[in-house]
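Okay, got some structures for you below.
Two complexes are shown next, each including subunit A; its partner changes from subunit B in the first to subunit C in the second.
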Partner chain A sequence: MSSILPIAFDGIAYASWLFLISAGLTLIYGVMRILNVAHGSLYALGAYAACSLAGAWLGGGLPAAGSFAMLLLAAVLVGSLVGPLIERGLLQWMYGKDEVVLVLVTYAVFLIMEDVIKLVWGVDSLLLPEPYALPGNFQLGGLPYPVYNVVLIALALATGLALAWALYRTRQGKLLLAVIHDREMSMAMGINVSRVYLATFAVGATLAALGGAFTAPTIAVTPGIGVEVIVLAFAVVVIGGLGSLGGAALGALLVGLVRSATVRYWPEAELFSIYAVMAMVLIARPKGLFAAQEARKI
Partner chain B sequence: MRPLSSFGLRAALAAFVFLLAVPASLAQQPLKVGIVTFLSGPAAGPFGVPARNAAELTAESLNAGTVPAPYSQKGFGGTPIELVIIDEAGGPQKQVAEYRNLVPRVDIVIGYISSGDCLAIAPVAEEQKKLTVLFDCGTPRIFEDASYKYVFRTGPTGTMDNVSVALYLVERTPNVKSIAGLNQNYAWGQDSWADFENAMKTLKPGIEVKTSQMPKLFAGQFGAEITTLLGSGAEVIHSSMWGGDLEGLVLQGAPRGLFEKHKVVLSAGEPAINRLGTRIPDGTILGARGPFGPFAPDTDLARWLKTTYQDRYHVPPNYASFKMTQAILSVKAAYEKAKGSGNAAPDQDKIIAALENLTFEGPGGPVKMALGKGHQAIMDAAVGTTKVEGGELKIVDVARYSADKVNPPDGMKSETWIKSGLKK
Partner chain C sequence: MKAAIVAIASLVALTGLALLSPQWLVFMAMLALAKGVVVLGLLVLMRTGLVSFGQGLYFGIGAYAAALLSHHLHVADAAVMLLAGAAAAGLVAALLGLLLARYRDIFFAMLSLAFSMILYGVLVKSAALGSTDGFNLHARTFFGVALASGAERRVFLIAGAVCAVVAALLVHRLLGGHWGRLATGVRDNELRVAYLGASPYRVVYVNYLIAGALAGLGGALAALAVGHVDPEMTYWTTSGEFVFIAILGGIQSILAPFVAATIFEALRMIASQYAPNVWQMSLGLAMLTIIMFLPAGLWTLAERRRRSA
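Moving on to the complex of A and B:
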C-alpha cells in the first residue's frame, strides 16, 4: 500500500505534463489532419519565453508569486504570435497535400525554430527554479513531494475541462467538430474553415507553449528539449487515438502510471515502458483507444 | 628604351624580393587542426562551446607565443596553426561522414566529447591514417577493446572518475552500508555506474545496492526517480549525469531534500557549478573528470588558462576547456619533440612516435600516455565537497589520488582491475 500512493502521484503528475503537450497535438491533428512535428519546438519556445519573462519579473524584484502569471503569459504570447505566423505564413499553402508532406513541412519548421531558439537564447541552459521551489513540499506516504506538481495536475485538469467545454458546449466548438467530421461539407454549409484552422493552430500552439512554460521551472531549459517531448507526445496521441482529446488524457494517464511503476520496480526497463504500452494498445486497437470513426465518402 | 626611373627600379626590386620570398612563406603555411566539438544540441552549452572557446584561445595564444613554458615557442615548432571547427552533433553515423570530409582538409584532428562518437571514429581514423586525438570522451573501451596506431586520447577515462569518488567516499564514511544510482541510460551512464558499483563492492564488501535508476538521456524530469531514491533508504546516491539532466536533478532533488537525506556523489559535476552555484547543496561530493577547473594545480599553465579564459569569456574554464587545451598542447609537445633541432617539419609518423608514451605538462598537471600501448593518458584524480560560504559555492576537503592508484595497469581492462581489488 505504501508504494501505491507514490507511484500513483508521480504517475498522475507525469501524465498531467504529458497531457498538456499532447492535447494541442491531438487537437491540431483532429481538425487539420496535420501531424505537427513543430509542436516540439513550440513547447521549447514556451519554455524559453517563460524563462525570459518570469526571469525578468523575478529579476525586477517583483513578487515571486507573480511568476506563475508570467508562465501563463509566455504561453499565450507564443501561441498567439508564433502559432498564427506558422499557419498563415506556411501551412495554409499546404492544405490538401498528403499527410506525409505536412509531416515533412512541419519538421522543417521544427528545424528552423530550433536554430532560431539558439540564435536568440544561445546554447547555454537557462534556469528558472523559483516557481518550482516556491510552493514548498507536502508529505505523502512519508515522502516529500513538491506542491508544484499539484499545480501542474490542476492546470492539466483545468485545460482538459476547458477544452472539452469549448468543444462540446460552445457554438464555436460545435463548428469545429463539424469541420473535424467533414471539412468539405462544412465549407459548403458556410463555415469559414480557414478561420477555424487558424484558431485551432493558435490554440494548439498555446497548449504546447503552456506545457513548455510550466515545465521550465522544473528543468534546465536547454537546446533539444523539444525533440524529447515530441516523441513522447506522439506516443501518447497514438495510444489515445489520433485526434481524440479523451484519448490523449487516457493515453497520458496510462503512460504516466506505467512509467512510474516501472521506475519503482524495474528501472532498467523505463526506456522501454512507454513503447510497451503503445505496442500493447495498438495490438488490441490498431487505431488507438478512442480513434475517431472515419465517415466513408463515396 | 627609356631607363627605369629610380621609383620603377625600386618597385621592380621589391617585386623580385617578394617573388623570392614566396617559397619561404609557403613553408610557413599554417598547420591545419580539425576541431570537432558540440556546437549545437544539449551538450553544446556545458561542454562543446567551452571546449571550442578553449581551442580558439589556445590556438591564438600559441600563434602569438604567449602560452607559458614549456609551450612558449610560437605555433607548433614555429609554424602557426589554423583551426577548422566542426559541429559534433548528429550522432556517430553523421560524425563518421563528417570525419571523412574533414580528413583531407586538415593535418590533425582533435575532437569528440561523446563516447559513442569516439568509438565510431577510432576505426575510421585508422583506416584514413590520420592522426586523431580524442580530447574528452570517457569510455575506457576505446583502447581496452582495440589497439590503434593513429588514435590517441589525452584525457583520462571514466574509470578514474568513479574509482576516485569511491575511494573518497569510503575514506570519509567508512561505515557506509548502502548505495543507489541515478545515471543516464546509455554507454556513459551505464559504464560509470558499473565502475562505481564495482569499486564500492571491492572497497566495502557486502555493501547493499538499493536501486540503480537509469532514466533516458535528456529525460529532464526525474520526479518518479527521485521518489524512488528518497524511499530507497540508500545512504549514498551516485550520479554521472551532465548538462541539463544534472541541472534538472539538482533543481528537482534539492527542494525535495534529496541532498540532505543522502550523501550525493556527482562524478562529473564540475561544469554545473558555474551555472548552479549555491543551488548545489552543501556536502555534495564533486568530481571534474580529472584535476581540472577548481581542482587544477597552481601552475603557470593553469593560471594562464584560467586568467585568459575568464578575461575573454567572463566565466571560468570548466573541465571540457581544460581537456581541449590539454589535447592541443599534447600535439604541440609531440610535434616539437619530433621536429627536434632540425628545420624540416616532422612527418605524421614521427609525430605519432613522439606522442606515444609521452609525458607532458597539461593545464591540469602532468599527463602520462601510459595505457593503450602509450595512446591513452592517465592523470592524477581530484575530488572535493561543496560548501556554501558567504553566498558563494566553494570546493573544500579536496583529495588527490595519484594516477597509478586510480587507473588500471596497461593491458588490463578497467572492469577486471576494479573487480580484482584495485591492485597493481
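Moving on to the complex of A and C:
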C-alpha cells in the first residue's frame, strides 16, 4: 500500500510530460495526416531556447520566479517562429504524398534541425537547475517529492483542458473538426484549409516546445534528447489512436503508470515495458484505443 | 541472361576490390554491401507497398546471433556466423510476420518500429550482452580454413559479395515472375488480388520473411566487417537509414539498393571527414531533394537517360 502512492504519483508526472509532447503530435496527425518526426527536434529546440532565455533572465539577477514565464515564452517563440517556417517553407509542398513518404520528409527535417541545434548551441550540456529546485519538496509516503512535478501535472491538465475547449467549444475548433472530417468538403464550404494547416502545425510545434522547455530544468540538455523522445511520443499516440486527443491522454497515462511500476519492481525492463504495452494494445486493437472513425465517402 | 552477366561482372569487380584496394576502402565496401543486402530485403517488402521502420530489429538479431556464436559457443567460423545471422532473423520474422502481415500503411511501419525498440530496450539493459557498449567478435576461420590476420576483411568482402550476388539473383527471379506481379498487385489493389483468388496475407507474410532474413544476413556481414556489435544497430535511427537508402535508390531495380548504399556510405565518409558538424544536415537535405525531384529514386535518372538515348 505504501508503494502505490509514489508509483501513481511518479506515473502521473511522467504521463503529464508525455501528454504535453504527444498532444501536439496527435493533433498534427489528426488534421494534416503527417506523423511528424521533427516533433522530437521541436522538443529539443524548446529545451535549448528555455535554457538560453531562463539562463539570461536568472543571469541578469531578475526575480527567480520569473524564470517560469521564460520557459513559457521559449515554447511560444519556438512554436510561432519555427513551426510556420517548417510548414510554409517545406510541408505545404508535400501535401497529398503518401503518409510514409511524409514520415521521411519530417525525418529529413529532424536530421537538419539536429545539426542546426549543434551549430547554434554547441555540443556541451546545458544546465538549468533553478526552476526545478525553486518550488521545493513535499513529503509523500515518507519520501521527499519535488513540487516541480506538481507544476508539470498542472500544466498538462491545463493544456489538455484548453485544447479540448478550443476544439469542441469554439468556432475555430469546430472548423478544424470539419477539416479533419472531410477536407475537400470543407474547402468547398469556404474554409481556408491552408490557414487551418498552418495554425495546426504552429500549435503542435508549440506543444512540443512546451514539453521541452519544462523538461529542460530536470535534465542536462544535450544533443540527441529529441531522438529519445520522439519514439516514446509515437508509442503514446499509437496506443491512444492516431489523431485522438483523449487517446493521447489515456495512452500517456497508461504508459506513465506501467513505466513507473516497472521502474519500481523491475528497473531493467523500463524501455521494454513501454513498447511492450504498445505492441499489446496494437495486437488487441490494430488502430489504437480511440481510433477516429473513418468518414464514409460515397 | 543479362542478370547473370551483371552478377558475374559485380563478383569479379568486388573480388578485385577486395584483393587490391587499401583496408579503409575494403571496410567501406563491406559496410555498403551489408547495408545493400538489408535494403534489398526492404525493396522486396516495398513492392507490396509496405515500409518497415523496424528493419534494425533483424539487422541487430543477425549481428548479435553471429557475435554470440563466437562469444558463448566458441564457434568462430565466418561462414557459420553468416548463416546463423540470416537464420535467426528469418526465424523471428517468421513469428512476428504472422502478426505484422495483418497491418498496412503507417500501422505496419509503427508496429515494426515498436518491435525493434523492444529489442533495443532489452539489449541496452542486459549486462550479459555488454549493455550499451556491446561486445567484440572474432572470426578465426572460414569454412574451416584459418584466416591470416590482416586479410580477414578481404576474405569477408569476397564472402559478402557472393552472398549479396546470390541473394540479388534470387530476388530478381522471384520479383520478375508471377510472385513479383502478385506483390505489385497487393500494393495497387489488395481487394482485387483477393478476388482473383490469391492471398494478399500470404504475399505480405512471405515478403516480410524474406526481408527479415536478408536484414539478418546484412547484420551478420556488418558485424564481421566492424568486429563489434552494439544496441545502436537496433535503434530506430538505423532503421531510418535503411529506409532512406531504399528511397535514395528507388525500388525499380535490384541493383539500386547496392548502388544507393555505396553512395550513402561514400557520402557519409566524405561528410564526416570534411563537415563532421553538418553531416546529418547534408543527409537531410539530400533526402528532401530526392523526395521533391526524384520521387522514384536515383534509378529514375538512369531510366530517363536510357529512354532518351
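Throughout what follows, the second predicted complex is superposed on the first by the 297 of 298 C-alpha atoms of A that agree within 3 Å, B and C clash if a C-alpha of one lies under 4 Å from a C-alpha of the other, contacts with A are read in each partner's own complex, and residues count from 1 in each chain.
What we mean here is this: contacts are C-beta pairs under 8 Å (C-beta built on N, C-alpha and C of every residue); 3 or more make two chains touch, one makes a residue touch a chain.
Quick caveat: nothing in here was measured; it's all calculated off a predicted structure.
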{"item": "Three-chain arrangement built on subunit A, subunit B and subunit C clash or fit", "value": "clash"}
{"item": "First (subunit B), second (subunit C), both or neither touched by A:V100", "value": "second"}
{"item": "Which superposed partner A:V76 touches (first subunit B, second subunit C, both, neither)", "value": "neither"}
{"item": "Contacts of A:P146 with subunit B and subunit C, given as first, second, both or neither", "value": "first"}
{"item": "Partner chain in contact with A:I283 - subunit B first, subunit C second, else both or neither", "value": "second"}
{"item": "Which superposed partner A:M187 touches (first subunit B, second subunit C, both, neither)", "value": "neither"}
{"item": "Contacts of A:E270 with subunit B and subunit C, given as first, second, both or neither", "value": "both"}
{"item": "Partner chain(s) touched by A:W17 [first = subunit B, second = subunit C, both, neither]", "value": "first"}
{"item": "Touched partner set for A:L167, first subunit B, second subunit C, both or neither", "value": "neither"}
{"item": "Which superposed partner A:L111 touches (first subunit B, second subunit C, both, neither)", "value": "second"}
{"item": "Identified clashing stretch of subunit B versus subunit C [77-85, 185-193 or 383-391]", "value": "185-193"}
{"item": "Set intersection of subunit A contacts, subunit C complex versus subunit B complex", "value": "118, 227, 268, 270-271"}
{"item": "Partner subunit B, residues of subunit A touching it in the complex", "value": "3, 6-7, 9-11, 13-14, 17, 118, 122-125, 127, 129, 132-133, 136-137, 141-146, 149, 215, 217-225, 227-228, 259-260, 263-264, 267-268, 270-271"}
{"item": "Complex contacts: residues of subunit B adjacent to subunit A", "value": "39-42, 44-46, 48-49, 185, 211-216, 218-221, 223-225, 227-228, 230-231, 243-245, 247-248, 251-252, 255-257, 275-276, 279"}
{"item": "Of subunit A, residues touching subunit C in the complex", "value": "35, 90, 93-94, 97, 99-101, 103-105, 107-112, 114-116, 118-119, 227, 231, 234-235, 238, 242, 268-272, 274-276, 278-279, 282-283, 286-287"}
{"item": "Touching residues on subunit C, where the partner in the complex is subunit A", "value": "51, 53, 99, 102-103, 105-107, 109-111, 113-115, 117-118, 120-122, 124-126, 236-237, 240, 243-244, 247, 277-281, 283-285, 287-288, 291-292, 295"}
